[in-house]
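Each of the next two complexes has chain A plus one more chain, namely chain B in the first and chain C in the second.
Moving on to the complex of A and B:
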């Protein structure tokens, strides 16, 4: 039943995110573009929330919308926005942009199609109609919760909180009590055990980048 | 009648409708609490300021008794009239009490009318929008300041759980598994409001105020996030409702006097937790833009800061946003360090065993009392400490708090590993 609401919200938020992403390139004012990007991050985070990946969603908000984009805005505001608005974009640059965007779109589509349940799932429109029908107060007993179509492809492995808690080594009592999918725990365990080495290497790369940025940006005084 | 009851029953039996209805009720309740506390904290601020600076504070907004003259009384002293009307002798203790309360002239409201009248004044003032501002962002900036703290309050638990015949209700609008992170993320978004207000005003000093606000908020967010990690290591969960439940069973974080709070490990952990508390509370001050961290609206450097060009209700929204951020910040501090809604000393479990609803009511009141106490603390600090200098603020954030918070995590980990 919960999936019914989240599947409607998925379409709303996904559409809004795409619209905002379009706004990023459509607006001439750089600040408007940045604000659209912030909205796009927000809607993407909302999609993550709908999928039960709360931790991922909130990290998206804290890191991208709350910190990185604010620094973007910080820089953009110091520019002369009026001058930026009148810049004519050249055709060759547009062509290069289209090629790069096309390559990325290809990558994403390839990954999306190879996911389980991407091609043999139910038609999205049908799922939407069914879920709206489920929400009517009279229609409670007609359909057991198990039969409600999963929002993101029926063939996807079902996220069962109790089972996930069991695999984490919790005893049966706490597993039964677990109401939410323990995505923070799973992510932490994956990051710090299975992918520990890449994680550490990435951290060092970021640290080197930070130190480099400070070294480049710092004014060296001669006195 | 029967059909209505049946219909209500069928609606409430539906899991989704039950969830939706209870959530809407809780939402309205927490929204009302936050707004009421915004008004109340304005009053506390002015009252305590008056108290600290040895002056009366707001005292001109009572209900004047001389209005009684309009209704047929010719006496100069209205109190006498009132006493006479009720047949109370003039030298009785009631009359003396009234005189002691200075009731001769007016009915005292202790200045409580002041915030309401201020609100009315700000609503009725003429709204000036300068011609040179960027209109769209100028309009949405106050909304972006006021909105986030209200949304962030959604995860704060204000009482424990009650079970009804239709299911359990957790007294927390959104019982998310990422409680504190949600508050950090959402209240971090209010930086957009401040910096956009500064930029869209299209004028020098507001712009500097906006830049200061965004730099300060981002700097202190880092230390704030790192400072709660020792706590989260101790609790083992990010769900605020579970965190408060743990404190109700095992002693509040800063007052571990019952349950598991008496073990050696908890007392050894007291050192890192005290450090966390100091860093976290200071960061809450900085995030709420309160003195001594109100660099973004520092009159001596910046005329008025990011809101210089604003007037009327838009100007008031910035301050409502600041106070709402203060209320939510206090609520988070209370939840993490002072047991949230828990009454303490095992009284929660006893009350809950007796009657769910009474327990929830008591816990809600307890939460509000703690909240008021912490808001008082906020105001106290504001009228005690002078404003920092800008470079001092940045140094404190990046060179002191960040390092201490990281070292604190290692200290807590060592204690948890070595002392069982």
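Moving on to the complex of A and C:
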């Protein structure tokens, strides 16, 4: 039941994100493109939430939809970019772009569905139909999850709060009582122990980026 | 639960729309937006793999840390890229990529 709803939400948000991505490419006005991109990032963040990656979802919203988008809008406003009025006959170019992107998407789809175990399970659409059938009173009952999943199995493993609490060092009695999945705690643990040095180096990269942006953006004096 | 393959296909479609935008569009700001979309699409597949490869219901957080690094690098890249676009606008008075043809003629 719960997993069926999360599946439906994934398909809805994925379709909306793809639609907004089309909008980014299709709209002539750069401001419309930027707004579509904001929506696309918002739906992507929703997909992250659905996967249980709450921290990355929030980061996606704050950094992409908040900071990067605002930067884009500032630049569009500052440069006063107009919509492309005089569209030259760039039809061949558009065809080439669509063909290359189509071939790429086809390859990715082919690789994804030929992963070992990717097509083992029943078709998700059928599962949804089954679940809707199961919604009859008295029939709601979680089917037992398969014990052995293929490496890239047909279904994603369920999140396990108790095991996560054990990873964080809780004793068994406390871990058994855990209900919420501590995503941000685990993320922080990975970030500040195993990946501490890359994290610090990354901050230097950000500093260098800021200095570079200021150096590139200032007026060049002619004298 | 949605299978991993569908997340990968979603990520691939988003990436190829971004690729098509980079090839088709002339406005360099929109080209840059499409580049950001491609980075974000790659992140989706990283997070999906992190979840699918998890042991005992705990995702592999290495992949999510990598996704976070990609987001941070994307932020730095946007700052520099937009500064470059402003510099280009000062020099050429345009943001069309077709005006960058000084090596051609």
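Just so we're on the same page, the second predicted complex is superposed on the first by the 139 of 223 C-alpha atoms of A that agree within 3 Å, B and C clash if a C-alpha of one lies under 4 Å from a C-alpha of the other, contacts with A are read in each partner's own complex, and residues count from 1 in each chain.
Following the convention adopted for this analysis, a residue touches a chain if its C-beta (ideal position, glycine included) is under 8 Å from a C-beta of that chain, and two chains touch if they have at least 3 such contacts.
Worth saying up front: this structure is predicted, and the values here are computed from it rather than measured.
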Which of the two partners, first being chain B and second being chain C, lies in contact with A:16: first, second, both, or neither? neither
For A:38, decide between first (touching chain B), second (touching chain C), both and neither. first
Contacts for A:73 in the overlay, against chain B (first) and chain C (second): which applies, first, second, both or neither? first
Kindly classify A:55 by the partners it touches after superposition: chain B alone (first), chain C alone (second), both, or neither? both
In the superposed arrangement, does A:65 touch chain B (first), chain C (second), both or neither? first
What's your read, chain B or chain C touching more residues of chain A? C
With the two structures laid over each other on chain A, which partner does A:184 touch: chain B (first), chain C (second), both, or neither? first
By the touch definition above, which chain A residues appear in both interfaces, chain B in one complex and chain C in the other? 55, 59, 67, 71
What residues on chain B touch chain A, complex-wise? 10-11, 13-17, 137, 176-178, 181-182, 184-186, 188-189, 191-192, 195-196, 199, 207, 210-211, 214-215, 217-218, 221, 225, 238-239
Write out the stretch or stretches of chain A touching chain B in their complex. 1-2, 4-5, 31, 35, 38, 54-55, 58-59, 61-62, 65-67, 70-71, 73-74, 77, 135, 137-138, 140, 180-184
What residues on chain A touch chain C, complex-wise? 3, 6-7, 10-11, 14, 17-18, 21-22, 24-25, 30, 33-34, 37, 40-41, 44, 47-48, 51-53, 55-56, 59-60, 63-64, 67-68, 71-72, 75-76, 78-79, 81, 84, 90, 93-94, 96-98, 100-102, 104-105, 108-109, 111-113, 115, 118-119, 121, 124, 151-160, 163-164, 167, 186-187, 189-191, 194-195, 198, 202, 205-206, 208-210, 212-214, 216-217, 219
Once bound in the complex, which stretches of chain C touch chain A? 1-27, 29-30, 32-34, 36-37, 40, 43-44, 47-48, 50-54, 56-59, 61-62, 64-65, 67-69, 71-80, 82-87, 89-90, 95
